[in-house]
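Reading through the structure tokens given below for one structure.
Note that the chains are named A, B and C in the order they appear, and that numbering of residues resets to 1 at the start of each chain.
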């Protein structure tokens, strides 16, 4: 009985993950190559043939490429600040972590209040006399503004996740290493570059994987701010599933998102590999 | 000497200014949303905007009076509650097993849990939509809660794993030598010590479900949650409705994060190992 | 009333064998110390007796009852843990009462027993506190009181003093000895500290590499080590060992000197550092380091190229480089078989 106990305790969770995680992924992979009850690649050709596909793909990639590095830099800055603080540490940490609890839809709406035509940005611009009257910022004429708004909303919303992971990671690094670097004459920047960053690798790994995958899943923020004017992979998936009722093509989109996610996970694991003996 | 102190003082000022700027960056957008939510509809659509709300509740009452909103809100609460109960009920035993036993297959399970993080989980909703139609779970609270539990379960497992690992095995062993069986020792010793952390991870599961948009939008039609409702009416609903809805989404989140702030690290820090 | 019998108990963790078929009988009310370096299997043996580990093979009997298939709660034991394991969410009172409550002892009896054991351990003024408000020494007292309150047949202690500072350890050691002698329980006590073992034990089981090398009273273990390991592990500084060449008819030549020894094919000469005194006819030793320690002087020297220590009177102060002669007390010389490492 005691030998069976751990398996008994794991059984519900394992069954759950098999039923609602492994099985659906097999199913979605299956759906993506299935059309009219026959195996085919037509779903993929239809997906790739649609004029919006490459726009959606590259929009998603570009968003991730712009958002993630900004977030990484900001998260590192915030984590360093929190780690260094002596007073007010917990309240500042709480404030920094607030966006963690806010849904991407709400984040989109928050930034909509800034960017919509009668919004706060236009109020500011008119107030400062930059423009004479409110301009349509989130229109199809200037998708780059939509893009910037999405970037801001994403950076605002999802930097907190990275920050918290990095603060936790920094907490794991014993102070002595930094002090040793001080003794050997390292400057603040050198200390950060040569001691903190390398020791933070495992946390960086986790934070980046999580963030990059979430970046490929960007959806509600895009819809809230741009409607259908800036297609991304996830919104196209939703579109094919719902408006077009083409589950096979939606599944093909899902496979693309999945493939990109897995590829980047492996890439990050490779790039930030830490040999077993070299961990804190 | 004086030169270095001036430099340090200047550095301090830059530091404080940076902290202030970052705090403003986080809080100001939320403030702006609430300004809109607490202004009259005419002010929300009007121009220019003021940075202080008029504390007019017409937008909010318009929102709450809008057909389907109360139902959606209630659905969100129900789905999130079921998610919370399921993910703790299923996740905590697994976390306990991982923290207390060494057994063949342990690494396989951990890998399965960690792997969920490398996959875009909301996509699960696509195949599950079909499965739910077959089993009659489509457009139900339970169906959506099951998908949300899949999102929350890995966190529940990892958080409870770190929680239980933080409670020395010796305490449990002491209870055994003092006359407890396994269940009694768990209830009398482990549970009281782990309760606050378990509560925090339950709240976290609630937040995950409360905030989830994609699966909710795909899997519900009649029984929409608040996020699904807001998303699907985005292109038709007037601005005051959007902002009031956004505020309704954000407000509970502020409290949730405050409630679990002590456990934020347990949630993500353990991801390193 | 509890004799403990351990019969051919072995334990492996995967490919690692923690215990090789251990046999040991502990008499009723005996104070048995399991002594050894870390990783020697002493804690594993204790945990098997407690029921916290299951032996791979073998039997454990407590008070004439086979218990190796029983959970800890049915073995009539109480245990004191290395890190005390005082429950942080309960007061000191409830900690001590914990086991009694599990046994559904009536409240009046719980009060009486908690009060009595708390007084015994001098913690009656701490009963309302929580673990976080106690010092290490106080937690230790709570842990012992909690075990004693059970009035168990057997008390098991796993390095209970190792987390206390040196002075406190000395104090607690004497106190434990008194309290446990009075409680008339059988005690098994695990430690790596030889002084603790010598001071507390009725009998010491010296363990090494998953085996009990010698189980005997402290003086016997010290004077007549059953194996070379015991001599080298117990005693500070440990026993000296020198190679010996047979000189015929039970005589052995050691560093140029001839000693009476056992009739054997090969033997190793051994002598404790304090059983030496300067003498013209002694072993020739070249002094390397001299450490005056107050009551005596510790001399580290080289005898026939082998390291050799002597504890000499503090009036003697040789200098490094000096040649001195050290004569062993004849009846304190011990001989070991170089092949089997056991005493001859």
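The rule we apply is simple: a contact is a pair of C-beta atoms (placed from the backbone, for glycine too) under 8 Å apart; a residue touches a chain by one contact, two chains touch by 3 or more.
All values reported here derive from a predicted model rather than from experimental measurement.
The chain pair with more C-beta contacts between its two chains, of B-C and A-B, is A-B. The central chain here, found by comparing per-chain C-alpha centres with the mean of all protein C-alpha atoms, is B. Rounded to a whole number, the gap between the C-alpha centres of chain A and chain C is 58 angstrom. Rounded to a whole number, the gap between the C-alpha centres of chain B and chain C is 54 angstrom. Mean C-alpha positions place chain A and chain B at a centre distance of 16 Å. The touching residues of chain C, counted against chain B in their complex, run 50-52, 71-73, 77-79, 81-83, 85, 87-89, 98-99, 102-103, 146, 150, 156. Interface residues of chain B, counted against chain A in their complex, comprise 15, 18-19, 22-23, 25-27, 29-30, 32-33, 35-36, 44-51, 89-91, 93-94, 96-98, 100-101, 103, 105-106, 109, 112-113, 116-124, 126-131, 146-147, 149-150, 153, 157, 182, 207, 210-214, 217-218, 227, 230-231, 234-235, 239, 242-243, 245-246, 249-250, 253-254, 256-258, 261, 264-265, 267-269, 271-273.
Of all residues in chain A, those touching chain B in their complex are 3, 5-7, 9-10, 12-14, 16-17, 20-25, 27-28, 31, 77-78, 81, 84-85, 90, 92-106, 109-114, 116-120, 122-123, 126-127, 134, 156, 161, 164-165, 167-169, 171-172, 202-203, 206, 209-210, 213, 216-217, 219-220, 223-224, 227, 234, 237-238, 241-242, 247, 250-251, 254, 257-258, 261-262, 265. By the touch rule above, chain B contacts chain C in their complex via residues 168, 170-171, 173-181, 184, 188-189, 192-193.
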